[in-house]
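Below you'll find the structures, each written out as structure tokens.
Two complexes are shown next, each including subunit A; its partner changes from subunit B in the first to subunit C in the second.
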Partner chain A sequence: MLKYIFKRILQAIPLLFIISIICFTLIQLAPYDAVDAMTTPNMTKETVELIKARYGLDRPAYLQYFYWVKGIIGGEWGYSIVTHESITNDLSARIPNTILLVLPAYILALFFSIILGLLAGANKGKLADKIIDGLSSFGIAIPSFWMAMILVFIFGHRLNIFPILGMHTIGNEESFFDLLSHMVLPCTVLMLSFIPELVRYVRSSAIGQLSEDYVMVQQAYGANPTSIVFKHVLRNVLLPIITIVGMSLPMLVTGAVVTETVFGWPGIGTYFVKAIQGFDYPVVMAIMLLSASLVIIGNLVSDILYSIVDPRIKGMGE
Partner chain B sequence: MVRKNVNILVAILLSSFLVLAGCSSKSTDKSSSKNEAANKPDTFVYGIDGDPGNAVNVITTGDRYGLMEIKTLYSPLYMYNGKDNVKYFLAESMTPSEDFLTYTAKLRKDVKWHDGQPFTADDVVFTYEQMLKEENGGWARSQLLFNNQPVKVEKVDDYTVKFTLPTVSMGALEALGNIFIMPKHVYDGETNIANSTKNATPVGTGPYKLKEYKAGESVTFEKNDDYFLGAPKIAKVVYRIIMDPNTATMALQKGEINALAIQPSDSNKLKGSNVTLKPYDEGRIGYLAFNLSSKAVQEKEVRQAIAFGVNRDEINTASYISTDYSKPAYSFLPKKATYFTDKVEKHTFDTKKAKDLLSKAGVSNLKLKLAFIANNPIQQKQAAVIQQNLKAAGISVELVGMDATALSKKLQSVQTDFDMYLSGYIMGIDPDTFNSLFVTNGEANYMHYSNPKVDELFNQGRVEKDEAKRKAIYEEIQKLIIEDAAFYPLTENKRILAIDSRVKGIEEAGLVPVYTFEDMSKLSY
Partner chain C sequence: MSDNVKDKNSLLDVKNLRTSFYNGNSKTEVVRGIDFTVQKGEILGIVGESGSGKSILVKSILGIIPSNAKVDAGEIILDGKNFESLSKKEKRAIRGRDIAMIFQDPMTALNPLKKAGDHLVELLIRVRGMNKKEAKLEAVELLRMVGIPSPETRVNQYPHEFSGGMRQRVLIAMALACNPKLLIADEPTTALDVTIQAQILELLKKLQQENNMSVVFITHDLGVVATICSRILVMYAGMVMEEGLAHEIFYSPKHPYTKALLNSIPRVDGEKTRLKPIKGTAPSLQSIKSGCPFAERCEHAMEKCFMEVPEYKNFSATQKSMCFLAGEEDRLDD
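Coming up: the complex of A and B.
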């Protein structure tokens, strides 16, 4: 088991390097010069050279790459060339906020999806299935900013139950309940946008499992359908769910861009969009690398979890 | 083994759900009481749709929200708001010599930095030196160069500073002002001001001190009791970052924020609520201009045909709804600029004349591309009306909506991706501050317009000491530019500040371009 995990980790390392090279090359290939963001047209050639030298842009690309990777490994992600802020500081201030929003929403969505998906799968073709499946199709089609505005209008404005802006009420930054009341609306929006896809996944997986022999055996023994679904089918449905959860890891960084914008949530989404608009290439590179790496790490984690949960997989790897 | 692990997984999922569910139900009944406490009248919350960042400094910061933060934390020597309207802050007076070659600033003696150090002439000299250093990339550097020579700034004594110009420039009083002074004792020896860690803990002379910056969320200020124009009346000011305009408007209606700049189309939503609308003049000119690198609009007749073919009033009503928020513009100067005149060719809407001019130029089936910022609601409407108007004149217009940054990059280069574009500017008071827009190879001359006569007149105007002659020069320039029909002014629009009706002292605080408030210390509840 440990050997397999070790092997998978070793395999991930070269992948991470390749990803970093791809990120760097893509930015280098972009049709503009990074120094443009810092200069004005009336600067003399010497000044532009001076600025280039200050940011290391006069060196050959492979050296720039080397310095960049060295910095990243050392935790120094460089500076934004638009706001001149340290990217490390910016990211460490914003990523926890995004995680705080996405993680609870995802866990809740997962929980509801499993229940709803099993229900739909077990009652395939019946009314419950039609309702759940229909609502999921509906949910996939609804844009999340629209959902957000509707919730803001009803619960934030008309009923005035929840605040609609940011993470805290001004002057109330320490209060945990204040934070929670700010979280309710954005979390609900995110949850509603995560659920439909997950439900469909669980449903189809449950339908597949229900036609397996072990279910028929249970039925032959006269076990009641609820206990079959929740005792035996659930366990097998959870296996492929691990893959989905692992693949969703990058959502912790980029999963809430739209929702964050609508609710003024100080997360990574608005920061990323702004950086793209402003040609802030060090920031774009950092976030690209981060979410690409999370895809690889997510895969790695789900593979490892899978091998722990289902020893058959390990056998196949060897 | 398998069974055990799955059980653990289920248990974790279940327990985390229960904890979260428990919390969120508690939060529901708590939140309503929190909302009432949100607006203690000792805090003023201003919603902004950008993040000023944590590296705000007086040298390189040039965006609107960064400058708003600068205005709250720092003070300039004086603000130039018009020929007879100079508001003094750190300076008590600024007097030109007889020959207009030296200007002497007398400084206030009672000013302290936020850290208690006294403010002196050394700080002023230091600031202007840093602004002039080319590698610092200071925003005001170009306005401190006269004929490509820098102004010389010297300390006479602790409270007197002398500015020596290399040549006479009648716009110098304005060019030398509006620059915020930074503390020498803090920044001395700093080689990279833009990226300095000192920017995170600014030390200013302004009415408020920085309390906290939260990335992407808010900037909080607390009052400076030692402010030299009297302690501010509101204890805390917060700039709250809200990127979505719909959420921002709703937050204003709810009272989560106290002030916000709104779009004209939102003005009706807010009528009759606890919010007052204060439209104010920023001296902004919104215009339609031609890309003179493009072949299709080389001929003057074609451009004139388009100028006669579009209906200025219809465009303005469509985009700004009411004349309360926008007045038609005819000159490149806003009304409050010195030597403004509207005695220029107005190109009154006349489709027939447009058609005649086109046939005179021998052009038929004209197809043009009009560039604008795609997500700007004002420009969307302007572009749509222009397209309609010109269709009637037999010109088909293709609308090219672009991202704001992409459009500004395009404008800074010579290209033929579009023939016309919509844009706007806020310049200064003295007409000389507009020269970079129109002189050949000017840094903001995005039209690539070139008229030797205009170049020459701008050069004459800068050094002309006789009032009447100077007036004649700038009136001539205004006529010439409009006659060339490369630049079609559309509107002089206002910025609409929607502000909590409880806030008093807005007149005393003064509404000014870019910074919103000239002196925030005068606001009160």
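Coming up: the complex of A and C.
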């Protein structure tokens, strides 16, 4: 198994390399000079040259690529050309905020989806299934900004029980409860946007498993339907969910763009949108690079988890 | 059979069992009025080409037919209990207590994410009311009983670590765990290679004798039943064509279909080996019209055969055949 994990990591490296090359090329093609982000128009030519030399921007492209990669790995992600702030600092301030929103929403969504999906799958064609499946089709069809508006209208405006903007009430930054109440609406929107597809996945996986021979064998031995679902089908359904979870890793960064924008949440989403609006190439590229790498890392992590959890893979290569 | 050999010795009595698949408004009857009896302590063979409804027949008895199928009629009496009078829960209690079943494909019959031992433990706890510790010990014993080497390590292995033959042994152990009165074996050796087949047959026969179970042994291969069955039911297109003691079926078959089946097994008599496949294909049950179900492929079909369904004709207290002919038209050894 260790061999397998090692092999998977080795396979991921060239992919990361390709992504970095693509990103670097795009940055080079972009209609701005990286040095612009670090200079001001009133600096002398000599100062600009010095800065260029300091960051290796006067060297040939392959060396620049090398410096760039070295910078990325060392946490040096460049500067915004709009605000001239360090992207590293901005990202590290904002990523935790996004995670704070996405992670609880995703975990809750996963939990509810597994329950609903199993319920629907085990009662295929019956009323419970029709309701759950119908609602998930509906859920997939509605855009999340619309759902956000509705929730804002009902809970923020009409009932006025939850705040609808930002992370904290001004002057109340330390209160955990205040933060929690700010999280409720955006988290709910996110959760509702994650659930439908997850439910569908769990449902169809449960239906598939329930038609397997081993289920019929359990029936033949008098196991009742509930215990078949929980003792046999459940783990077979949960296992492939690891893949889905792994592939969702990039969502920790880019999973809440719309929701954050609607709720003015100071996360990566709002940062990203602002960067796009201001043609802030370095920021856009940094976020693209980050989420593309997370795709690969997410796949890698889910493969490794799979190999640990699935006895059929665990035994392989020994 | 029901009238001929009806006695207190019967364990399972099935009368006029009918099962159909429903697809929208269309209905395809695949078990078409079957009567049979299983005696206490006997091995009954059910033989027929694949698609003749053998699996659906026994699954109908157990109540595990697919959701698009339905048992339309029939009476099932097990050891004096009429299934009609049982609740859903009581019927479920029969499965795995009174009746256990082994299936055709051992590769898919076990949950891939559950250890072999856990399949047994779960069953022993539910059916035999053991606690976990007792069940674990018993699981090892059962694996030993079905001839799995080093059962202490094997209990903790997953299904993919077993070969096909070994998996079928695990499934037989599951059946034994229930200590059933009736064991239904649905083509238990079809998916296995020949030497393993022989071992599994040997094992089943041994276990049947030791535990005094009744066994219904299903196969599409008459050659397989020859070695273990005392009585044989020949099925075609959801109906019983002929029924008789093993030697009656093998040495004086009456029904043209039985004869055709016998001719299609490779036989080694003296130097002569012959194999004669049955002409035509097993009928699609949707296309069956009136008359004898075998008429389309029967060498002796007469006009009458296409018009009327033949009645059963008794040839001995134990043998009967559903054919207009008396069964003497062509001897097997002609």
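Just so we're on the same page, the second predicted complex is superposed on the first by the 276 of 318 C-alpha atoms of A that agree within 3 Å, B and C clash if a C-alpha of one lies under 4 Å from a C-alpha of the other, contacts with A are read in each partner's own complex, and residues count from 1 in each chain.
We adopt the following convention: a contact is a pair of C-beta atoms (placed from the backbone, for glycine too) under 8 Å apart; a residue touches a chain by one contact, two chains touch by 3 or more.
Since we're looking at a predicted model, the values are computed, not measured.
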See if subunit A has more residues touched by subunit B or by subunit C, and give me that chain.
B
Go through the superposed model and pick first if A:I244 touches only subunit B, second if only subunit C, both, or neither.
neither
Taking the superposition on A as described, I'd like to know which of subunit B and subunit C A:I297 touches: first, second, both or neither.
neither
Please indicate which partner A:G264 is in contact with in the superposed arrangement: first for subunit B, second for subunit C, both, or neither.
first
Taking the superposition on A as described, I'd like to know which of subunit B and subunit C A:M216 touches: first, second, both or neither.
second
First (subunit B), second (subunit C), both or neither touched by A:P104
first
Once the shared chain is lined up, is A:A93 touching subunit B (first), subunit C (second), both, or neither of them?
first
May I ask you to decide whether A:I27 touches subunit B, subunit C, both, or neither, giving the answer as first, second, both or neither?
neither
First, second, both or neither for A:N224, with subunit B first and subunit C second
second
After superposition on the shared chain, which partner residues are touched by A:F162: those of subunit B (first), subunit C (second), both, or neither?
first
Residues on subunit A touched by both subunit B and subunit C 235, 310-311
Subunit C residues within the subunit A interface of the complex:
62, 64, 92-97, 100-101, 103, 105, 108-114, 122-123, 126-127, 158, 160-161, 171, 174, 178
For subunit B, which residues count as touching subunit A in their complex?
1-3, 5-6, 9-10, 13-14, 16-17, 20, 23-24, 26-28, 30-32, 34-35, 37-38, 40, 43, 45, 51, 53-55, 60, 134-135, 137, 142, 192, 194-195, 199, 214-218, 220, 236, 238, 240-244, 246-248, 250-251, 253-254, 256-257, 403-405, 409, 412, 443
The answer for subunit A against subunit B in the complex is residues 32, 36, 38-44, 47, 50-51, 54, 79-80, 83-85, 89-90, 93-94, 97, 104, 107-108, 110-111, 149, 152-153, 156-157, 160-172, 175, 177-178, 180-181, 183-184, 187, 234-235, 238, 261-267, 270-271, 274, 277-279, 308-311
Residue numbers of subunit A touching subunit C in their complex, please.
212-214, 216-224, 231-232, 235-236, 239, 310-312, 315
